[in-house]
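Please find one structure pasted underneath; my questions will follow.
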């Protein structure tokens, strides 16, 4: 039997692909076919496939955004009857909640992440400042400007600027939460005309202009990672998984100088961090459900974590999914482990904002229309960052297009 | 040649191609047309009749006019660069020189490169404002690196696409140039025309046919430029580098709004046909098909 | 004005010598025709004069001025090409006007000249057509028109009529002859057509492998070919060249008799032979007669001469018109 | 025209032309070069031309990660298959247009070309649904059919311009000689148009090889060609320039080499009858 | 066997009638030449016979069998095209063998036939070359070889020599004539070359705008043209056609005198005129003489006849050879 698995081409997944020999060894009757794609391409492919019942995949890698929507449509197979030693209860509750509907698990988390501040201790010291464990945005702004030395190619802060709902909008939505902003009010009215959003975006654009790298509007996770590893960023606020990359001396020039802190806040009770888990799900209607479940269980099991640890060291274990991992004394030695757990625990998808909202999702709104809308809004914000439109105009456009799209989609429902 | 027999055979031989192409065109097009009148989102099951709502939304989308402008800018910009540049380069290559064969190989290479690879290479290794080669060049010269994709997205895309198509234009125009009857040039020389006059009065008009082909073929491909945008700018910032195909793509594959995407597709088809009519006029005049 | 003098002109392409040292003088107003077998250097010679090729050695003088290093446009010559070399994208009017425009002439003057040339050459009716819409003869006329308007000191023609059909060629031949009579400008004309050479030239230059074999008026060449090559080359059908005993009888290595200089009879004559092929053209009859000891001879008889395959006929050469050549092939005077 | 060109002028031409040639080729050259660097060197802020440690590790890495031979074979099968299928359909059509033209011929040809102007995204979902229903998703057959249809207009046009240059008298001669339609096309027309057919074939192999919309949308694993292979390197976590370069080199090399070898043929064929 | 009969054959292209109802019989073994001005329908007629075009109306019989609806290959005819239409990708051998191969003949028989044809036509030396490596004349021979091997009941030629140069044309003309004598097969030959028509034909068919103007042997047409058109068309240079008072004197609307049927004198004669152009070919001299009251007449004198532009000469037509035509242009007998 051949399982076709769609995965994202990030480091953890590629590693899983390489280690999957262990699985096929144990299950000689199962062959694995991999479709490894870049995130957006993957999402389009699997979404098209599942929505049209193309049936090309047996296992799909999807995120916390898709799971509730797809589960609601009945497109996903419930993950019940997993082996006993799988220990569903070991999964971090925040993550598990995001992947369940009516308490039924529809996807198994492969790794989970939040966001946090990664910074260069040496540069911080040079700037004569000290990073608290829970910084405020004000501090970040000040520190970033102090660390910037454009002539030397050092930029105080690297933040996502590339348009896309999973790129700049993930960051900006989470940030906006900490500024007290929200996407929609309880009547599903767009909120980009509020002062909170203006504050968020102004702060972001000013900061990036003063202390960001050139071309920030094209920088996504990858670009910033490269910049940071290359020693060009003083701080970087991004996914917690990045911690293992930036502390890996093979790839990173600054591995021994990286410190971590919680994502900043504005004293409003919400931090600017998100919650995301790349998870494995099985489309409803696959004929290979048993084998698929077997594989999902293997890839997200405790044993898999140990397998990675024994092969590649604890620092490279897919993080953010299991309590037991964080209780493991070996893993606690990893410098970013504690901070990652704290960040994940600090995010609350069901109550993401200062004011009440009708939706779930920290850095996204779990409605099908969100991808399109947020990508368009992301384009506007990227344009503002690139200086092609003013912040004011970008917000106006965002407000207009969101309102349009929501009314087209028939909200409030 | 034209006996009843051969005419019948002619029809029989032509029909497979015509019928297949017709089906290939009409079946999906009809489905698209049908979808365009539906509320149909892949992510929300069920469809319902939408009237012209999808068209309304697509056509009143502020992105639409920007995308229309960008589409034309890309087609026009690339055409101008490749045709003018191609003519000049062809003129250069037509001169006697050493190693012409190898130079031709160097010239044609970009045409063989996958668009995706082209875009990836340019974006990452050249235009990246911190790690790209251009940034390095600017730094070495003491200038500030330009953020190509952030600040000049459309121009950057035009540049990348021009790089891909310049070889095509150059080599076709070169072939055309080499086909120019040398007696004509000599006649012009006898008539007292200077090198510049010969270029404008004899060579350029001679290239008209080849130029037409270059324009036609390139327009066909340029109208649906997509991979380059997807890889480099994602249509942004804002809508600065979104063209019509990309806009339709956003509707269909980002929002999974099949209804809206179909409406966009139909609009794109109509626009492409308008361009096609103009183009075909020109072709009909310059190429005796 | 339009005399052209070539002094010790040599042309080599890389290593191959196409024109060995060659001297030639073309007088003002003369109509000079270059003939010779294909590849003998006719076109090359013309192009050297035009300046479209560089001479390797030697001097070309035009109107007494050394023009060896002048570019084509500065030599005051006009050329009509075999392919016409019209500009296909320009109307007839524009084609003719082109050299004037290049000379920077003002529009009114151009128009006047073009109209004059067009009416002279009967081009007025299709002055606004493109070359592609013209027949061969009309195109040829446009090419000539383009040459005329420049009022060159000499015209150069490279097989200008070879792309035309026979009838048209006859007409154009007359037109060019008339043009020469009207303009009285020097013309240098390359052809490999016998009739053109004979009827148009004031002076024929016979070339072989870059060498001048003979220069003279058409009738001179016809009557007194300087050597066997010219004898065989000029005249159509070609002169019968006879070697062996019959030639020795006339004290020559080779003797030549033109087909038209036999008298034919069914009864008696100097040589008897059997008719191989007889071609009855109506106006004339050409016979190929197999004469014992000599081989096939071509003879011309009048259109009514009755002769069929296999008949025996008698040929008598006109004794006055027997050409005699020595062992070097040179004419014995 | 055949006047002597001075050596100086020739040298200047050579210099300028080579400079432009190298400039245009540089991105490809740089990609290939980068594929032999380590990631650190690839991304270095002061890039070096040759002065680095050459390494093959990127190729090893790429090979161990994906099944390159399979992608490659799929690309070959799809490109060659669609071209051959296209030829089979297009040769008769072009024969008909070139030798039995009617008043509609020109219109049909232009119509065929105009079908190429339709943006594929517009008909993506219908095609996807049709393919799903016919079970042709992720099948090489399906892809061959799609690419055949996509390139058919170009094939027909190119063949038409070639056939048109063949004097009809030769086909008539064949007919007088007793050749039926099949013999006429097989023994006379096709061999005579061989250079044209070859260049049509080449161009279409290249176009099909590089087609990156339908190949991505309609395949997953079994039928996935090199475009898919490249897509899996397009933006992973971190910018792995060297690996990206290695993958790119592997994806473009076959067609680049093919193109180079057949360059003369190809260019001549590309002129679509614009150069007589 | 090879008689061809056309009965009331009509050919229309869309609306334009190219061949109006036409009857023609070609006897077995005859050499028939179609001549006529360009566009008169010669090629069309030949192609109708070949079956390369459908007749619109009427019947074509070959060897007495109705062949109107037979495809070309079934008619047992062979055609030699103007462009030779050789298969460029096949060797000479393969070219010649092609029709036999198509007929499904076995290889040994094919080889024998091809070798025989090749030796007959002197093709043996280059039997393995491609057409591209052959000269024009050799190609023409291959085309004929390809026609011969099929042993057709008739050969059709469409201007087969018009792409050759003058000398070669002469030779090939002879070869085809000899071939006809050897094979004695019917040949239908289209040309617009006077000499070919006159020298090769048993029977000439003169066409104008699809109508047959006259059918007859070459000398019949030369001596007794049926009407003004044929009179002007056959013979080179063309017959002088004179209208007005001089014609009336002979009881005709038009009289015709061939250039070669004048006797010329500097002293006296019937008509006096001034020489316009004199063309000295050596063998002959052609004069265009402007005769008062008549206009320009062309006359042929012998090569030695001294005449220059402006001279006055006297022309006397041979009274026996004056052709007379009525107002409808028909010959008065």
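Going in written order, the chains are labelled A, B, C, D and E, and every chain counts its residues from 1.
We take it that a contact is a pair of C-beta atoms (placed from the backbone, for glycine too) under 8 Å apart; a residue touches a chain by one contact, two chains touch by 3 or more.
The structure displayed is predicted, hence computed values, not measured ones.
Seen as a C-alpha superposition, chain C sits on chain E after a turn of 175°, to the nearest 5.
For the pairs B-E and B-C, the count of C-beta pairs in contact is higher at B-C.
If you average the Cα atoms of chain C and of chain E, the two centres end up 27 Å apart.
Chain geometry summary: the mean Cα position of chain A and that of chain D are 39 Å apart. Chain geometry summary: the mean Cα position of chain A and that of chain B are 37 Å apart.
Chain centres here are Cα means. That of chain A falls 90 Å from that of chain C. Shared contact sites, meaning residues of chain E that touch two or more other chains, fall at 52, 71. Residue positions of chain D touching 2 or more other chains: 1, 43, 45, 125, 129, 172, 231, 233-234, 239.
Shown for chain B are the residues that touch two or more other chains, namely 1-2, 130-131, 186, 253. Chain E meets chain B in the complex at residues 51-54, 71. The touching residues of chain E, when paired with chain C in their complex, are 166, 174, 177, 181, 192-195, 198-199, 218-219, 222-223, 234-236, 258-260, 277, 279-284, 300, 303, 309.
Per the touch definition, chain B reaches chain E in the complex via residues 1-5. Within the complex, the chain D residues that touch chain B are 1, 5, 9-11, 13-14, 16-18, 20-22, 24-25, 27-28, 30-31, 34, 43, 45-47, 89-90, 92-93, 95-97, 99-100, 102, 105-106, 108-110, 112-127, 129-130, 149, 152-153, 156, 168, 171-172, 181, 206, 209-210, 212-213, 226-227, 230-231, 233-234, 239, 241, 244-245, 248, 251-252, 255-256, 258-260, 263, 266-268, 270-276.
On chain D, the positions that touch chain A within their shared complex are 39-40, 43, 45, 64-66, 125, 128-129, 132, 137-138, 216-217, 220-222, 224, 228, 231-239.
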